[in-house]
Amino acid sequence: MARILVQDAAFDLAAETASLSAGRIDVGAVASFLGICRGDDGLTALVLEHYPGMTERAIGRIADEAERRWPLTGCTVIHRTGRILPGEPIVLVLTASAHRAAALEACAFLIDWLKTKAPFWKREEFAGGSHRWVEAKGEDDLAASRWTGAA
Amino acid sequence: MRVLYFAWLRQKVGIAEEDVAPPAEVRDVAGLIRWLAARSAAHANAFADPRQVRAAVNQDFATPEHPVAANDEVAFFPPVTGG
Amino acid sequence: MARILVQDAAFDLAAETASLSAGRIDVGAVASFLGICRGDDGLTALVLEHYPGMTERAIGRIADEAERRWPLTGCTVIHRTGRILPGEPIVLVLTASAHRAAALEACAFLIDWLKTKAPFWKREEFAGGSHRWVEAKGEDDLAASRWTGAA
Amino acid sequence: MRVLYFAWLRQKVGIAEEDVAPPAEVRDVAGLIRWLAARSAAHANAFADPRQVRAAVNQDFATPEHPVAANDEVAFFPPVTGG
């Protein structure tokens, strides 16, 4: 059962990682992906909007799919919302398994699918007061599609 | 029927949600979009390029052909950009 | 330039991760792999032996190769040696980049190559006093070989 | 020439390292293995199955055909199992 959090607050990477193997001796691998806000082109903040209710449901389904495809001993997805500054974390994906391939592949799968199948929208704010909504990238659809058919 | 708007669709429509009662001939997501677009200039502007609009019915992604009914929660938004 | 540590001591995952993005706004992704000692079949400890001098050199070459293949903003490899108990970390690989694909792929590459190209040897100790040297796995050679030719 | 042994090769030979002066006809890793295996029963036992033995010359992995010279550091060990 995946641990899924959608929250404005920051998260504790070390505590989240430790909790996936605490008190057990069957976990041989923990893979993680940490997404961080970049400050390209004078970006001063990202504002992340989401669809409360659907977001948790969508992430839950993505995590279920990961657990169906790989023998995971644990899985954590934390996605922040609200205003995030350059250098601050946006998203954390953690996957644990007995063996490394399952953890690494499931982690890459989760972040690829999160990018294309979870209802979040990013607005970029720039120095000078301008802002724009981030447009979806074709390369994200491509990354997500590589998990279809294969598995 | 509850309709929700997110991201630039919310900004263009000018509201985050509204309760609507479309007529019986509005049977699917595509029909609902056409009906909503006729409600105001702001709605028309938000739905001007349907290729940029995605939908969810009762919190699941839905195609234009997906049926909609009186008690549904229907959301409109641009392609997602999380992660 | 990669940060490479071969040490008996434990490491601080949070501090190592934070140091890859501290004070900079060009890092969008940090991927990590944490290898942990499992307690299968009554294993009571792993004893990790290595070839001092060659180990750091071999890991440095693997990290150089990762930095040649992917546009990394940072790379950290910490491999513990000595006696390690079930549940304790063995190895940490961290890769940072502007974008997620580079970080994720480089991280998987590094752990695959570490398994087959760095001079470490594991001895397993079991309840009752028996012990055995871990044998190299064909699947590890296979995993490492998938990075040859492609890139 | 300094010779190092690791893991079960070290245990079988019974020492972690030794300084040796092989004759001039020992020119490569394979020749060194044959010469070392003749030094003692423990050496012979350690090198009994050459397919299980890997080598490094001056801290780089080396094939059986790799040359060895008087001032080299040559190490023998089983296939690596780190990570």
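A, B, C and D are the chain letters, set down in written order, and residue numbers restart from 1 in every chain.
Assume a residue touches a chain if its C-beta (ideal position, glycine included) is under 8 Å from a C-beta of that chain, and two chains touch if they have at least 3 such contacts.
In this text, all values refer to a predicted model and were calculated from it rather than measured experimentally.
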| item | value |
| --- | --- |
| Distance from the mean Cα position of subunit B to that of subunit A, given in whole angstrom | 26 |
| Averaged-CA centre spacing for the pair subunit C and subunit B, given as whole angstrom | 48 |
| Between subunit B and subunit D, centroid-to-centroid distance (C-alpha), Å | 73 |
| Residue list for subunit D, restricted to those that touch at least two other chains | 83 |
| For subunit C, residues contacting two or more additional chains | 35, 100, 111 |
| Contact graph of the chains (line, ring, star, complete, other) | line |
| Full enumeration of touching chain pairs | A-B, A-C, C-D |
| Complex interface listing, subunit A residues touching subunit B | 35, 48-51, 53-54, 57-58, 79, 90-91, 111, 114-123, 133-136, 140 |
| Subunit A-facing residues of subunit B, complex | 4, 6-8, 56, 59-61, 75, 77-83 |
| Footprint of subunit C on subunit A - complex, ascending | 12-14, 17, 21, 23-40, 86-87, 98, 100-101, 103-104, 107-108, 111, 143 |
